[in-house]
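Shared chain: subunit A. Partners: subunit B in the first complex, subunit C in the second.
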Partner chain A sequence: MRKPLSVLAGATIAAIMSSPASAYMAYVSNERGNSVTVIDTETMEVVDTIEVGQRPRGITVSHDGKFIYLCASDDDTVEVIDTSDYSILGNLPSGPDPELFVLSPDGKTLYVANEDDNLVTVIDIENRSVVTEIPVGVEPEGMGISPDGSTLVNTSETTNMAHFIDTETHQITHNVLVDSRPRFAEFMPDGSEVWVSAEIGGTVSVIDNETREITHKITFEIPGLRPETIQPVGVRITDDGTKAYVALGPANRVAVVNTETYEVEKYVLVGQRVWQLAFTPDQKTIISTNGISNDVTFIDVETDEPIQSVTVGQQPWGVVVSPN
Partner chain B sequence: MSSRSAHKATVAPPPPLHSRPYGLRNYLICLRGILAREGLRFLHQRERFIASLVRPLVWLFIFAAGFRQVLGVSIVPPYKTYILYEVYITPGLAGMILLFSGMQSSLSMVYDREMGNMRTLLVSPFPRWFLLVSKLLAGVTVSIAQVYVFLAIAWFWGVKPPPLGYLFVLPALFLSGLMLGSLGMLLSSLIKQLENFSGIMNFVIFPMYFASSALYPLWRIQEASPLLYTICRANPFTYVVELIRFAFYGQVEWTSLAVVLGFTAVFLVGAIVAYDPSRGLMTRKQEMGGNA
Partner chain C sequence: MRWSSLSKCLAVAGLSTMLTIPPLAAQESDEQFWPCIQRKVPHLSLPQIWNGPELPSSAENWQDNPEVSALVTEVAARRVPLEEAQQRIRDFAAGLSGEAQKEHLLMLVQGLFDHMDRERADVMDGIERYTRGQVAMADALRQETAAVDTLRRNPDSDPDEVARRVQELEFQTRVFQERAESLTYVCEVPAVIESRLYQLANTVLAVLQPSGGG
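Take a look at the complex of A and B:
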């Protein structure tokens, strides 16, 4: 009798250990709903909705999980939200029409793409001041930063370029021509490559961070879908650098790409017009925002199977998951 | 020889070896015999096995391919996220296998009756209801095996319900098979000749299959035609499909369960009554031609 009992006890402990100790909160910016939806990632239920400024798009969280930074594009500001009570603490001077931004690895600087002004604004978070403005190509959007914080990559939608910016000198060091309307830039966790998605071109360009040249171009093909409906937008790469997830816009799919072979391994069906992606901190789940179907889809990272879709506010755009 | 003499044989069996009534063991031997016969018959008819798989697979591979995008717009329970059409129609196709197989067993009973094999079964000293239920169980077992082979092929086609769903779906398949099998049995007691089977195809199988939630979710049918929606709601096959669909995700759709249970009882009792030569419809039919 003792053995089965001990086995049972062991199994119970294992079950408790394997379930996440604390639930993470996912924050979804609803572009048309002018709100941020808060979702418990464990129960996959909406727990709160925060009223925010107009046309919220880019969203990120401070490394300690205490603050959310949100681009309120039509209010020409970046709002700071307290995650403890969901109150808006104040604004950061982002410059006009901030669309997307990236937080430096040390958590002190925010780099904001100003879509209408063809600028990248560098903000000192602590002093809430603009450090400098860097002129870039037309309609800047995608922002990626190398893990060591030394290189910033901005993509400009109309110039079709990825601009490599030295974060020390705030100067553009390289311009790499990519396919039409680049939307997003994501560094490999080891900093060796930058992946840049091109919405109209329908590709993801892999740029070597040493040579600053395109080494691979990933294309997508989904049976039964016209090529023009496949529009890569958000890109996320797992911490171990083995898999990349690419949101394919009106194709309603998230592509899973093997980072060794650069081959698409799977297309995961999600809601309509999938836009941005975010991992949970334990990397077990990736969440996609589906702009037209007004929901987000939770995808299991191990199996790459969609688990559940959750209705959020109007036109979800960006998503971030708190680290704690 | 008419089956009237078969009936006599049942009433007056050959001198029994045991003076006491048959025990459970004897019943089980009889059940095993019928199951084995049905299983052997199935194994020997490979064409039938392949044919039973080709039908749903054609739907899955060809029909569903063209309709892939049909469902990309809405989430219907028990699904929690967006699914491809292949995933949606799989429970309906499992139901289709059970439906055809139920009707096929009705065909085989008509065949047996015409060819005289039925007598072998009916001279058995066991009660008629037991023989019919055994035959039904044999048919259901075989059709469930067909469903699982179909599901295995569908898995490679990307239709992957949760692993435990394959277990949960078993009771749903069994119950559904029982309902459709007893419907087939009831119908077979009404069919006079083998040729009439095409009538069953046109008047039973096709309407039952198409006017159900097997191919389209009910909300979509309601959008298209409120009348068709009402018909679908009244069609027991809709509940078979929904029972199977929810079971795949470890859920019980209680309305469907109640409806399927109810119809199983009605069809089964109907079939037993209809097959009882001393009372049911068989008596009347025999007068019209028990001999083929």
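Take a look at the complex of A and C:
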């Protein structure tokens, strides 16, 4: 029997209302709070808090949006969280003190920086097994992967290098010396460049991915601010490759950089000790984690104006937004 | 504690000292004794905590205004709960209006900045003094370990003397380790002061610019 039209219409309306197209969830790891705060990016309100392992830092999400991967640094593990009910499904064998990681473009492999062991651990997600461990410089941290998945870049805080690793052979092919305490590596969406931030050096080095040489060095100056307060950490580049956002730590600002001229076009005041950044999938908003003021700031990507601050747990560190 | 485990413990204690002090070659000379994971920022800059109207040069004389000066001391103190301190600022503002209110509140921001930046700098100096003490203590412990080791290997040594020295060494090692552990907490204090200053400054901003004081 065919259902009356009004019933179908009602069901359709209910379905639309229960899943608004733009309601993404942002997940924020709280380093000291040992929790993950879940924020609805549409209403910019906290909808849940997940209790997790100790000292959660790096956080990412599977490409289908079903699982969150989280570095529980002091538990020496990567936790897997089910996004449908926020339960912790299990762990991945990350090696000791995982801080930051990157997911391969095909979503099958996780590359983890083990800060205390000077290793990058390569994990097969499906089998929950370690594929190999790659020795790198002292205190590895930043992890970036080329859009085609062929090149991994790891930065080592003490050795001050960006290590280029061939993901087929798991061998380091190039070491590029950057400024002091490199923290983050981000590829341009077309794979042409890697941007590496240096926390103590106060710079972002732009490395040509063909020649593996530094082609530009971006510096930051903010009137009235002492240079040592400017500590670049997280870097994100828009999908169209036109703008880069750089979190500047205790400068409490996010720099907006024109990727064509490499000039800083704006400094956006957010919260205290801004650490990491994540775009919403529609690229309309970028979210910053502010470690000392215990909040995150939503920034409008079109106007580069801060829209709203949302209080989260203690010492927010990383942030990721679900793709759907 | 057995001798072998004591040696291990000292090795660990020594290693932890090395780990808490950043490699000297990579640091500025004034950061050699800075043990915290956070990079040392000796002084704050006003734009880190203030996004409101520019502070006039007259605000620098905040100490000459008894009311502002007293309020600075009162609300800066961490023993006063933050909400209470924020309410004190709002009450102070409510007693003033127009230009006088703005003038006094900007003076208050300058006062809070100067006072709390100095307090934070004092804490950081204290952390460095503490670290110098730890380095000296680690050095003394290493020397005493070597001396006790030599004594132990000598068949003519007085067993009571060896036992006494081992016991003393154990005690000093425990003191060293406890001091090392408390550094983790101490390193957070500058950030706690910074956080409070930011929130107090934002309270003032919310009075001056009701829509933009986030």
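In this section, the second predicted complex is superposed on the first by the 303 of 324 C-alpha atoms of A that agree within 3 Å, B and C clash if a C-alpha of one lies under 4 Å from a C-alpha of the other, contacts with A are read in each partner's own complex, and residues count from 1 in each chain.
We take it that a residue touches a chain if its C-beta (ideal position, glycine included) is under 8 Å from a C-beta of that chain, and two chains touch if they have at least 3 such contacts.
None of these values were measured; they are calculated from a predicted model.
Engineer: Report clash or fit for the pair subunit B and subunit C bound to subunit A in the combined superposed model.
Structural biologist: They clash: once the shared chain is superposed, the two partners overlap in space.
Engineer: Quick one: classify A:E199 as touching subunit B (first), subunit C (second), both or neither.
Structural biologist: Touch status of A:E199: second partner only.
Engineer: With both complexes superposed on chain A, which partner does A:S62 reach: first (subunit B), second (subunit C), both or neither?
Structural biologist: neither
Engineer: Please work out whether A:E305 is in contact with subunit B alone, subunit C alone, both, or neither, and reply first, second, both or neither.
Structural biologist: In the superposition, A:E305 contacts subunit B only.
Engineer: Touching A:G224, do we find subunit B (first), subunit C (second), both, or neither?
Structural biologist: both
Engineer: See if subunit A has more residues touched by subunit B or by subunit C, and give me that chain.
Structural biologist: Tallying touched residues of subunit A, the top partner is C.
Engineer: Looking at A:S180 after the superposition, I want to know if it touches subunit B, subunit C, both of them or none. Which is it: first, second, both, neither?
Structural biologist: So A:S180 only meets subunit C here.
Engineer: Applying the touch criterion given at the start, work out whether A:P250 contacts subunit B, subunit C, both or neither, answering first, second, both or neither.
Structural biologist: In the superposed model, A:P250 contacts subunit C only, not subunit B.
Engineer: Let me test your reading of the model: by the given contact rule, A:S150 touches which partner, first (subunit B), second (subunit C), both or neither?
Structural biologist: Neither partner.
Engineer: Taking the superposition on A as described, I'd like to know which of subunit B and subunit C A:V270 touches: first, second, both or neither.
Structural biologist: Only subunit B; A:V270 stays clear of subunit C.
Engineer: Looking at 79-87, 97-105, 259-267 or 277-285, which bit of subunit B clashes with subunit C?
Structural biologist: The segment of subunit B occupying space taken by subunit C is 79-87.
Engineer: Residue overlap on subunit A between the subunit B contact set and the subunit C contact set?
Structural biologist: 224, 252, 269, 272, 293, 308-309
Engineer: Write out the stretch or stretches of subunit A touching subunit C in their complex.
Structural biologist: The contact residues of subunit A facing subunit C are 158, 160, 180-181, 199-200, 222-226, 228-229, 231, 250-252, 269, 272-273, 292-294, 308-309.
Engineer: Spell out the part of subunit A that touches subunit B in their complex, as residue ranges.
Structural biologist: 224, 252, 269-272, 293, 297-298, 305-309
Engineer: Can you list the residues on subunit C that touch subunit A in the complex?
Structural biologist: That would be residues 23, 26, 39-49, 51, 191, 194-195, 198-199, 214 of subunit C.
Engineer: Quick one: in the complex, what on subunit B touches subunit A?
Structural biologist: Subunit B residues touching subunit A: 65, 68-69, 72-73, 75, 80-84, 160.
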